[in-house]
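Shared between the two complexes below is chain A, which pairs with chain B and chain C, respectively.
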Partner chain A sequence: MKTKFDFSRIMKSKITWAVIAELMILLVCLIIRPEFFQISYQESTGMLYGSLIDILNRSSEITIIALGMTLVIALAGTDLSVGALVALSGAMALKLMRWDMSEFPTAGDYSITPMFWVILVALGICALFGSFNGLMIARFGMQPIIATLVLMVAGRGVAQIITNGRQMTTNFAAFKFISQGSVLFLPMPIIITVVIFILMSLLTRKTAFGMFVESVGINPNASRVSGLRSSLIIFTAYLITGLLSGVSGLIYASRIGQNDSNNAGINYELDAILAVVIGGTSMSGGKFSLTGTVIGSIIIRTIITFVYYFGVAAEATMVFRALIVVVVIVLQSEPVREFMGKRRTMRKVAMGGELHG
Partner chain B sequence: MPDKRILEMKGIEIQFPGVKALDKVDFDLIAGEVHALLGENGAGKSTLIKCLTGVHHMDKGQILYDGKEITPTSPQAAIAMGISTVFQEINLCQNLTVAENIFVGRQPMKRGKRIDWKAINRRAEELLLRFNIHIDVTRPLDYYSTGIQQMVSIARAVDVRAKILILDEPTSSLDEKEVERLFDVMRDLKKTGMGIIFITHFLDQVFAISDRMTVLRNGHLVGNFLTDQISKIELVRQMIGKDMDVIFALKRPTVAEGAPETLKVENLGIAGRVENVSFSLRKGELIGFAGLLGSGRTETAEMVFGVTRADHGAIEINEKPARIRIPVDAIQHKMAFCPEDRKRDGIIGDLSVRENIALVVQSRRGALKPMSPKEQLDLADKYITMLGIATPDADKKVGELSGGNQQKVILARWMATQPEILILDEPTRGIDVGAKAEIQRLMLELCGQGVSVLFISSELDEILRCSNRVIVMRDRCKAGELPGETSRQEDILQVIAEGSSLEEDA
Partner chain C sequence: MADKRIRIKRQSLTNRIFNPKHVMVYATIGVFLLIYLFGALMYGDKGFTTIRTFLNMFIDNAYFGISAVGMTMVLITGGIDLSVAAVASLTGMFIAYGNSVLGMDPFLCIAIAMVVGVGLGALMGAMIHYLNVPPFITTLAGMFLARGACSLISRESIAINNAAFDALAGWKIYIMKLVDGEWVKVKPIAFVNFNVMLFLAMILIGAYLLKSTRLGRNVYAIGGNEQSAKLMFLPVAKTKIFVYAFNGFCSVLMGVSYALYVKSGWNLALQGGELEVIASAVIGGTLLTGGVGNMLGTLFGVMLKSIIPALITFAGNLLSWWGKIATGLLLLLFIGIQRIVVTYSARRKGSCR
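Moving on, here comes the complex of A and B:
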C-alpha cells in the first residue's frame, strides 16, 4: 500500500515530466530515423552497440557527478569545482602511470604504478579537494558558489602542476578497461554508473542520511535545534561529490587515453547542475531524487547525441541544445504542471472520479 | 451625519489546506469610526485583513466598498482603491531616508521627469508634524527608534489618501507616549471621515480608542459590540468562548517533597544578550518564565539548550555538571526544546508528519541506524492519536497543517525522545483556543509523569495557572522569582515595571 502511494506521488512530480520530455525527444528520433534505435551485438568486443547504448555510456561522466551534486543541491548549495576535479583526477592517474615521460617516451601498454594505487590516489586527491570545499562551507560558513569557485580555478592549476603542464598518453590496458571494457555485454561506464547509483541509493535511503540531508536543506535552523550535526552532513555531501568527480575523471581520461588539464571536464559543473534540476531537485534545497537526476543526465546526453546524429550544423549545436533544455524546463515549470494537473483533475471529476489529493 | 457604511464584508469564507480559516464572517466599517477587530491568535483577524487587502483570495463572500462590489486582487490594487494597511512588522527600507520611505513609489516629479527632492522633504516634514514628530527627514530610517519607524510607516499609509486605514498591531513596539500620540492622530483622522480598523492585543487600548468592536473566534464571527456597552470581562469571555471551562479545570503540578533537582543553572549568560541567569528546576516541576518581549526569556531558553552558546556560568543536570555547547549536547542530556518561532526553528515544512516526528529520535540514533518506515510510521501514529493531531495521514507534509497541529507535531517529536527536561517557548502562541488548552493539559500531564518543564509565555494568566514558580525576566536579567500559587498578575507586572524606567533609551 505504501509503495502505491509513493507511486502516485511520483506521477505528479517533475520526474514524470522529465521522462515525458525524454520520450518526446526519442519519439522525434524514431520518426526521423528509426535506425536510431538499432542495437547490435559485436562478438569481438562482447558488447552491445547502438545509439541508445551510446547515450547511456556517454552520459556516465555527468551522471556520476550529478549524483553527488544532488546531495549538494538538496542542501541548498552548489559545487562548481567538479569539472576541475575531473581534470585533476585524470592528471593524477596519468602522472602515476607514466611518472616522467622522459624515461618512458612512448605511450604503451604499461604503468609504473599498480592500477590499484592509480585509482586510489586519483580518487583520494579528489576526495581531499571535495572535503576542502566541505570544510570551507560547513565549518567556515563560506557561500558554496564562492568556496567551490576557488577550486574550480585552482583545481586545473594543480592538475597542470602535477603533470608539469604536459599532456601524457597511455595505452595501459587495465586503465583503458575503465572506459572500453564491458561486463554483461554493457560498456564499463554504464556498469560503474549503475553501481554508484545503487551505492548512493543505499546511502541515502537505507540509512537516515537522505532524510537528514533533506531536513537540513529545507530548514537548517530547525534541523540544528533537532540535534542534527548539519556541518558534518554538509561536509560529507561535498566530500562525496569530490570523490565522484574523481571517478568521472578516471572514466574521461581512460576514454581519451590522456590527461588534458585544459579541456577535461569543461562545463561539467553546469551539465551536472542542470541534470539535477531537470531531475526535480530544487536549487533552493530540500527534497531530492537520485532517479530524477539520472533521467536528467540522460536527457542532456540524448540531446547532444541527437544533435550529432542528425547533423545539426556545428555552429548551431549550442543554441539547439539550449532550446531543447528550455522546452524541457518550461514543461516542468509550476504553471505548466499545475495547468496539466488541473486538466487531469477536471477530467477525473467529469468522469465521476475522486479528486486527486 | 448619518452612519455611512464605507465597507461591508458579507459571508466571507476562506479555506486553507486542512483548515477553514474564515467561515461566514461578516464585517462592516462606518466612515469616521475606529473599529477594533478582536480575537485570540489564530482567530482569523489577519486572514480577514489579508482578504480585504488582496493577499488572500476568498472562496465565498462579497465585499462592498462604498456600496460597490470589489474583489481586491493585490495589496497594490487595495491601496489604489484607498485601503491602506500598516503591519506590525515595519515594511520600510531601513537604508532609505525617512522622506524617501514615505514617498517611495509616488515621488512628486518636476518637469522633465526628475524627482522633486525639495517637495519630498518638505511634505514629509509637514506630514510628520501632524503626528507631532519633529525629526530630520533626510536621515536614513534606521537612525531612528522602532517607535518612530512605526509612526513613519503610519504616516506613509495615511498620506496615500486612504478612506480605510488598517492598523494591524501597530502599538506593540510603541511606548506609552507614542501610543498616546498615535491615538491623537487616529482621532484626527476619524474627523476627516476615515474608517479605521484597529487590531491589537491590548484590551485597554481597545477601550481607550475604539467605537465598535468585532470579535472573531476560530474563524467564526462571535459578535459585534459597541464599546460602551460591553465590559472587559464580557469581552474576554466572548474572545475565549466556552473552552474557558477546560482551561480553568487545569491544575498546576504537585512537586513531591524532596524531589531531586534535574536542572540547575548558575549565572549563565552571554555578554550583551542575557546575563547572570540562575534558577533551578526539580523533577516534575513546572516553572514559568514571564517578561516582556526581548526581556531575555527566549535567550535564556536557547542558551540552556545550546542553540546559542553561553559564555559564562554553569549548568548542572541531575546534580552533575554538564557542558552544553550545541543542541546535540542538550539532547544527549535528555532535554527537549520547542522553540518560539515554529516556522524558523521548528518544523521541516516539506517533510512529512512522520519524518518530522521521527527526526530527533533518528538524529539521536545517528544516520547509520535508520528507523524503518514501519518504525517511523508506528511512532508517528502513536503520537498522532495521543495528541489528537488533525492530519489525514502520517505522510502529509507538515507545512500544510494548521499552526496548532504543527505545534503538536513538534511536541510529539520531542515527547518521542522521552525527555526529562522540557523547554517550551511560547508553545501556545498563534494557535486556536482548543489546541491551546490541549497543549497546556499535555504539558501538565508530562509534569505528572516526572518531566520537569520550563514554560515561557507572554500570557500571564496562562503562566500563573500552570506554574509552580514564576521567574520574571527584565532587561536581559532575572528580575525576580514568585510562587505560582499565591501570586497575581499584578505581582508579576510589578516586578516587570519596577525597572522599566531604566529601559527608556533601549
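Moving on, here comes the complex of A and C:
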C-alpha cells in the first residue's frame, strides 16, 4: 500500500511544532548574524567549534536527563529529584578522587581511586536513589511529585554530607576527558548523548518495553489486568532516570572540574520536564517521543545560546524561555489543536474532498 | 402532625473526631508536639521553651506561611503553583526598585505588584482551565516569566530605605506579663511583628473561605472530582481562576512580608521557595491529588517545618545540611501516613458498598 503524504496529520503532530519553533529561532539567528552558523576545525584539540556545536554540547546534560524523564512522564509521573542527583553524582565522584584531601592537598592530575570505580560508584549511588524513587512510587503507590520531592530536598543534604560540605577541585585528565575530550571531531558530551539516545531508542522501540510504558501510562489498571507488571515498569523508568541523572552529573562535574552541592543541577528538573513537554509528550501520560525530547532540549539551549551570543542581558533568557513555553503549550493544547484540525477538515469538505480519519 | 422536614442527623462526636480526613492533621500536630517535647527535654535549659524561641519560629517563617495559605487552596483543587516564590521576589523588586531608584511610595509599589501578581495568577488559572494545559507547566512558565522580569529590573540586590516601610517592619507587639499590678515585658524579650499578624490573619481568612463559603465547597468539590463538579453545574472555571488569582495575591503578600523581613529586593530571592511552600502544605495534610486539606493543618505544617532549623540552631554542633535531610525524612514520614490513611479510608468505603 502506498502511504499518502498527509499534510493535516503532520500539522497535528506535536513534534512538528517543536521543529518549526527551533527552525524559527535559527532563522532569526541567520537573519541577524549569519556567522552564528560558522563551524571551524581546530587542529590542536581535534574538535569542531561553533555555536551550533556549542548548543549540542551544552544541551547534553539536560538532554540525557530528559531522555529518562520522557519515560517517567509517559508513565504519568514526574521526577523532581534529578537536579539533586546531579549534585550527588558529582559529589561522589570528587569524593572518590580526592578523598579527604589530606594526602594530596592540591588539585592535580591524579586520583585516589581508579577512574573505573569513580564512574561506577557515582552512577551506582544515583541508580540506587533512582530505585528508591521507583520503589516508593511503584510499590507503595505514592504520588510521583511528592515522592521525588523527598529526594529533591534531602539529596543535596546527602551530597554535602559525602563531601563534608567542602568544594573539591580536580584536574584529573581522565575525568576531564568526559567533558573536554573529543571523539570523531565532536566533543565528548555529544558522543555520550548520542550513545544514550541510541540505547534508549533500542530499549523502547526494539523491545516491548516502550509499548509497555505507553500502555501503563494510558491506563495502569487495564495494563495490570491484561497481565503487565505495571509496578516493575514504573520502577525501571525511575531507575533509568536516576542513572541518567548520574551520567549528567558526571559531565557537569567534569566541566567545572569540581563538585558544587548547592548549585550543581539547579532547576535541571524543570528544564528536563520542559524539554519533554515541548517535545510533545503529554504530562498526563501515554505516547512519548524520544526524538521530540531531544529537539525540546535543543530548543531550550538554542534560546540560551541565542541570548548570550547576541549580548542580550543573560537574565532575559528566563523571559524568552517563558514566552517559548507559552507559545508551544498553547499550540499543543487540546482546544487549539482541535480547532486547527477542524478548520482543515472543514476546508476539505468545502473543496469536495474525501474525509480521512 | 409530625415534623415533615428532613432532619440531617449530625454524626456522633467520636465519628467526627476519628474521621480519617482529620487523621493527617492530628498526625501533624502530634509530631509537632513530639519534636517540641524532645527539644524541651534536650535544650530546655538553653531556653528552647521560652516564648521568644516559639515566636521566633513564626517570625522567621511567616512569609512561607502566608504563601502556604494560597497554595493549600490550589492544591485542594488538584492543581499546583510553582510561580509563588518568583512572584514574591518580583514584588520585592518592585518595592525596592520603585522606592530606591524611582522614588515612588512603597505602598504604591505594593499596589502595582498586587495588580501584576493577581493578574498573572488569574491568567494562569484561565490558561489551565480553558486550554487544559497541565498546571505544572503553566505555572512553570509563570515562574520563568516572573523571575525573568525580576532580573530585567535589576541584577543586584537593592536596599529599601523608607521611613514608613521601616516603621511597618519595626512594628512590634511585646508580650507582657502582669507583675505586681504592672505590665512588664517578659524576659527574654518576645514580640509579634506585622508579618506574624499577617500570617495569622491570612490563615483565618483562608479557613473562613474554605469552611464557611460556597466558594470553599466548590474548591473541595473540584478537587474531589472535576468532572462531577462540572456535571453539578458548579462554577468550575470561575472557582479555578479565583483560586489561582488568590494564590497570586498570597504570593504578593509573601513578597511584601519577605521585603519587610530582609528590607531589600533581590532577583534571586527565595529561590526554590515554591517547593518549601508545597512541602509545608503537604506536611500539613493536604493531598496533592486534591480534595483534602485544611488551614489548621497548614498552620502546623509551617510550624513543623520551622521547628527543625530551630532545633538545629540549638544543637549547635550539627551542620545546616542536616536540616535538608531532616525535612526530607519528615516529608517521607508524612506521605507514608497519608498513604496509609488513604488506603484505610478507601477500604472502609469499599466495605460499605
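Observations
Going forward, the second predicted complex is superposed on the first by the 316 of 357 C-alpha atoms of A that agree within 3 Å, B and C clash if a C-alpha of one lies under 4 Å from a C-alpha of the other, contacts with A are read in each partner's own complex, and residues count from 1 in each chain.
Note that a residue touches a chain if its C-beta (ideal position, glycine included) is under 8 Å from a C-beta of that chain, and two chains touch if they have at least 3 such contacts.
Predicted model only: the values in this text are computed from it and were never measured.
Of the two partner chains, neither chain B nor chain C is touched by A:34. By the touch criterion stated above, A:326 is placed in contact with chain C alone, chain B being left untouched. Legend: residue contacts after superposition of the two complexes on their common chain; A:140 is shown touching chain C, with no touch to chain B.
Of the two partner chains, chain B is the only one touched by A:218; chain C is not.
Of the two partners chain B and chain C, it is C that touches the larger number of chain A residues. By the touch criterion defined above, A:318 lies against chain C but remains apart from chain B after alignment on the C-alpha atoms of chain A.
Applying the stated contact rule after C-alpha superposition, one finds that A:165 touches chain C and leaves chain B untouched. Counting contacts as defined above, no chain A residue meets chain B in one complex and chain C in the other. By the touch criterion given at the top, residues 305, 307, 326-328, 330-331, 337, 339, 344-351, 355, 359-360, 362-371, 373, 395, 413 of chain B touch chain A in their complex. Considering their complex, residues 80, 82, 127, 130-134, 136-138, 140-145, 147-152, 155, 267, 271-272, 275, 278-279, 282, 288-289, 319, 321-325, 327-329, 331-332, 335-336, 339 of chain C touch chain A.
If you check the complex, the residues on chain A that touch chain C are 78, 80, 140-143, 145-147, 149-158, 160-161, 165, 261, 266, 270, 273-274, 277, 283-284, 313, 315-323, 325-326, 329-330, 333-336. Listing the residues of chain A that touch chain B in their complex gives 2, 5, 206-209, 211-212, 214-215, 218-219, 221-229, 286-287.
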